[in-house]
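Got some structures for you, see below.
Across the two complexes that follow, subunit A remains constant while its partner is subunit B and subsequently subunit C.
== the complex of A and B ==
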């Protein structure tokens, strides 16, 4: 083969070198590091840690941070040499570190007790998809631990690198930022740690610290700012929220011939329904949203939507403890204002981690004096004892209970063209143990269900690759790498059983998985669970259905010409 | 002995070494993980091992098999989103020449089949070109997905606001992937 003349080269950003094929297949990227940390390897930063495009998200715009009074708003970019940090940035970080060690017992513990056994090392989807050792959970945690040792332990102060300690430098900070925003806080690694160390929580602490310097990403900061102003991530105002849902009513009527009439902000309703705004504004979540509407209508449920608590999601959770609490407050505040008895929540992942793990203790004072009580299904009489503290029921718990009590007329053959598999969202599985309800529903609304292989589902489920605010467009390579293990398991059931639908119960999944599928398994499409429920449901007074909610023909019921 | 027989005889050594060539493009600390045989826990290593072995076998079959592009696609789809320059992503294909020369160099001379070898080398060059096409298509796909993501997600809002539009056909690249799937091994002669 002829060599390309040197002068033809488009110079890439870094120094260009003409390689021979032999050189190309030599080791491309050797960064010696050791789990023991005795060699300097993992402590080395620049030039090893190079912030690459496609692997990180855009920096937060100053106006987002200003909206919620977060410190150090400014225009900056991760690709710039100068991050325009405050002069005393190091003190800020170390102060913040100390403060958090004192406030969060788990943080202190996780800094101390890791024995570097390596059990977590190959469990992270970003490591699995990239083979970049710095994506091993244990090394992600070492980012912070090495600083902890240097500034907060005697051994680290005295022995430095030998004790696995390192100086906090600008390069270390860059490395922190790069790899803390390559963790989706999915907690898969924690399932395998014999000590129960939750690297996701270490990432959360690390992100809190970067936030002290104004180093958030816009894909998190923008939804936070919007949510704070208008109640939802998209910054949609109340009238548009209502319009959008009314627009769905037309679509549902076209398909089913039945007109629904949901209510908004209705005082005295029994139940308040809150769902991620992604269901209202982003395909394919919108079809799931139509599913909720149809279900509520068919049951005659005394439920109201809120244009104020118009977001179930909470990107404050990816920002800081305080921001999560602040944005979550509207749920109980609205429940109290409307005087509802309990709250029903739509299909979402991280929303449920916040609700299930934190809301009951974090914001319960807001609910004081409200009419909230232990949720009881008005249709079946089932008491949702598991939600006694939060007063909020996941819609798959609610619907599974309906099906169990035979309260829905279902014709699963309407979904006969679907061969379905189910993606457990990280948060509903590892954050609340919701494994059976979704599967029970799926098996009742369609006839062909195939689980993915063990080790890729339930508590060991793989992340979609875009959780915790990393589902931006600019970090597509990161998303695809991280999504590889998930896509790989879907591909397997696609090839083995002909699976063509990937069902999920998370709004972020519904935004992220379609792209992941398009890249790795284009034959598979993504759906929410309640879209399938609605398509199988026989509505009172419905017309002869020929198409599903997406307007696609139902098997065997195509309109006769 | 014919080249094909030599290649068959040394099959497992060559496949292993070629596979190592690919694996060595990943960091040292990840080598033992990548060698783990676990199709779901280690999809990257599995795809590479399976792909390399199958490509080698198909190559020996002589005919220009439809499966070669598929196996390359599996490997390149991942490498196209990893930390590689295009040349690094594709370079491993040439590694096969080096591996074979090392394993069979003296036999090839002894048996006087260097012409056969030259033809085989040509086919390896063809593989590299194919691989580069696939890499480029994967990159293009990533760009398409990026553009379409924004469009898809805001489509409903625009529709509601009376600003509905349909995605222009050229964004969809109908048949784009199809080309690849049916793609043939490039002929480099």
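== the complex of A and C ==
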């Protein structure tokens, strides 16, 4: 549909094939040692550390790095013997390490205070699904801590391995890279850590360091480069972005008989709407995008879309804090240029962690002199007081408020064929606390909702297996292993209640979960929340509806032929 | 570094640490007639105390000087959003937006080990069927260990104050509640031993724990176990001369140090190990005691959408402006009917 450059879609290597779910879990054994524990410890790298196909992503192509002026652009692959590093790579890493220790209290503190109690060990979805002991959060952090101790602590310098310190070698760097890109920064471990040690912080710092040497993965570097130039991860140019939305309008008209007329880059609109470009490009996100369009139309909302700020997501977040800031800047810049009063944000996970915990801090300067003000719903008059500084409202906050005030005509029976469960996204859960808004909406737009078991939802939710830029194709085994805990919980409610729909509020989820479901629980399909809202909505002047947005027949309203 | 090597190293270190005062205070005088009580009773404890306080201050100041660029609390409950969505006490504590909430969250974390209390145990069944069960053993052992340690420290105030603070006898009374024997048996001493033994066995028997454990994990366990052991020995078995010991300890705190006669070598071993613990503390993982207060995922409120958090080093960055974007795509935008800031350049202007 959209003009995604062919070069971005790199096929997985031929030698590697994903095994069946049964084979995948067969050898998973979470006891990394024999009873006596005589094996060499974890500080040994080669030959114990082997970069396996299916468990890592392709290396960033040089042109991605060139677009955004990142160091050491060159053709390379993780499987290569020679990673084509600059001669002084070790100094670069150690200097970068020192610099970050001085800039992030989290990093310095988390290097120092871990007691290795192991409370985090079995909380990581990658450890659960792979049993690779270096995927235990504590050990992922120790990979960096061992270097920290060697070069930045007296005990480590004097005592070496006895103090848990080791030399920074090429093998250690490989090991870092392999495991830093096997962490989705989901922060589940940090919920259980008695000191709040957050592996995401450590992974982010580690990834910043690998980026100093040009060691990004293409699935992150490509969206970053695209987003920088075209405004969105998919590289959709302005005219194509408009085309895509217009295609949705045709689809909506086919289903509902109502023609909508969204506007783009319109100055003087009250609200700027920003959503991940995944919603505009990829199924099933596209149906969620149609949902937004229908909702805005039905409310007569004075809202505009932007082709410049056409990305809610931010793969810069997975690269470095500077890159996150560079990409995020477009939101306020565009809000100011268009003179909108506030910004409404679509369904996305990491986008919302960035907005909730980083955006104001990074970029609120840009909004100075703009017309942005404390968001108020023009439909209900509700002041979104929790957004008064950042001036950006989550669409589930907005819609929940509408439903609460009876501003939407809903017929939940239109979703009667659905038995729904809800996947809490990592970032909106542990970086925000958005639990009730989506559940309130779901319960109002469908009649059959079943939560997954405690321990797998809300703040203890599991990652989809492909967050933080790991949702590529070539690392499918990693994704399936990491997605296993989520799939297992879905399977439970599927078997117990007949759940057939997995709802989520994250564009990466919508891209990743369909593969995961197909692999482990093929009876369950994935949907965005606003797709369900739109399907339940009774539009002004709609025709007799017989199908939903996907063209699937509505229950009890099948077309008589 | 595997588990065996770690155990040998830390076990060896503790044996050496026991041997040093034994040789110095017991063997040397008997064999060579050299007396070193002043070193182990006065100099080393003072040094250890200095290292302890200076070291902790140094570490904490170093952490505190580090900026907190972003407000990154781990949110463990519903956020404060719409007025009708429940935001009660549980939410205020696990996803705070106010200072009071943060203080409450920190109190729960520091005094009750809130996060550890959440702990679950994963059970990986056949066919990838995973279950999560509540698992409170680590929490229980940690709570017992830390509170017993606190009680023991407070009980020891008996040796460092005259008159004693009012709470010391009360603590002794409570701690010796079950009066089985004379002298009164303090439960804390035995409970701490049990908790430490559990923590040690857990490290040894759980393969995951054995894999991640370093000598730096076994060493403090052995050290505190030995300190507790020597203390228990002195109190119940090889009765120490409490009056002389109090003379020494009061001398230390009043800065008029004396070395009374008749104090057993066991006491010097106990005191030396405590000194080692004090001196080791600031350079070890034991600093988690101070660090937890500074942890940005726990001590910050989730209110950065309400109040702007300032990053002291917020870096200037190069961004792709709208103007540059429009320059890239102007013709296509005009063709698609999208509004533009500048009209397309006339062919003549292109030169």
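The rule we apply is simple: the second predicted complex is superposed on the first by the 521 of 561 C-alpha atoms of A that agree within 3 Å, B and C clash if a C-alpha of one lies under 4 Å from a C-alpha of the other, contacts with A are read in each partner's own complex, and residues count from 1 in each chain.
One rule holds in what follows: contacts are C-beta pairs under 8 Å (C-beta built on N, C-alpha and C of every residue); 3 or more make two chains touch, one makes a residue touch a chain.
Everything quoted here is computed from the prediction, not taken from an experiment.
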Q: Please tell me which partner, subunit B or subunit C, touches more residues of subunit A.
A: C
Q: Considering only touches as defined above, state whether A:133 meets subunit B (first), subunit C (second), both or neither.
A: both
Q: Could you tell me if A:302 is touching subunit B, subunit C, both of them or neither one (first, second, both, neither)?
A: neither
Q: Return first, second, both or neither, reflecting whether A:522 touches subunit B, subunit C, both chains, or no partner chain.
A: first
Q. Taking the superposition as given, does A:476 touch the first partner, subunit B, the second, subunit C, both, or neither?
A. first
**Q.** Contacts of A:484 with subunit B and subunit C, given as first, second, both or neither
**A.** both
(Q) One more residue to check, A:122. First (subunit B), second (subunit C), both or neither? (A) both
Q.
Just checking: does A:430 make contact with subunit B only, subunit C only, both, or neither of them? Give me first, second, both or neither.
A. second
Q: Mind working out whether A:455 is in touch with subunit B, subunit C, both or neither, as first, second, both or neither?
A: both
Q. Should A:238 be classified as contacting the first partner (subunit B), the second (subunit C), both, or neither?
A. second
(Q) If I apply the document's touch criterion, which positions on subunit A are contacted by subunit B in one structure and by subunit C in the other? (A) 21-22, 24-25, 28, 30-34, 41, 121-122, 128-129, 133, 243, 453, 455-456, 484-485, 488, 520
Q: Using the touch definition up top, name the residues of subunit B that touch subunit A in the complex.
A: 21, 24-30, 33-34, 36, 39-44, 47, 77-78, 81-85, 87-88, 91-92, 94-95, 97-98, 125, 138, 141-142, 145-146, 149-150, 152-153, 155-157, 160, 177, 188
Q. Residues of subunit C touching subunit A in their complex?
A. 1-5, 9, 59, 62-63, 66-82, 84-86, 91, 94-95, 97, 109, 113, 115-116, 118-122, 124, 127-130, 132, 138, 142, 202, 206-217, 283, 285, 287-288, 291-292, 294-298, 302, 304-311, 313-315, 317-322, 325-326, 328-329, 332-333, 335-339
Q) Can you name the residues of subunit A that touch subunit B in the complex? A) 1, 12, 19, 21-22, 24-34, 41, 52, 54, 121-122, 127-133, 243-244, 247, 281-283, 286, 453, 455-456, 473-474, 476-477, 480-481, 484-485, 488-489, 492, 511, 514-515, 518-520, 522
Q | Complex contact set, residues of subunit A against subunit C | A | 21-22, 24-25, 28, 30-43, 69, 101-106, 108-109, 112-119, 121-123, 128-129, 133, 136, 138-139, 142, 153-155, 161-164, 187, 190-198, 201, 228-231, 237-239, 242-243, 264-267, 307-308, 321-322, 325-326, 329-330, 333-334, 337, 355-358, 360-362, 364, 382, 384-390, 392, 397, 400-401, 404, 429-437, 440, 453, 455-456, 459-460, 484-485, 488, 520
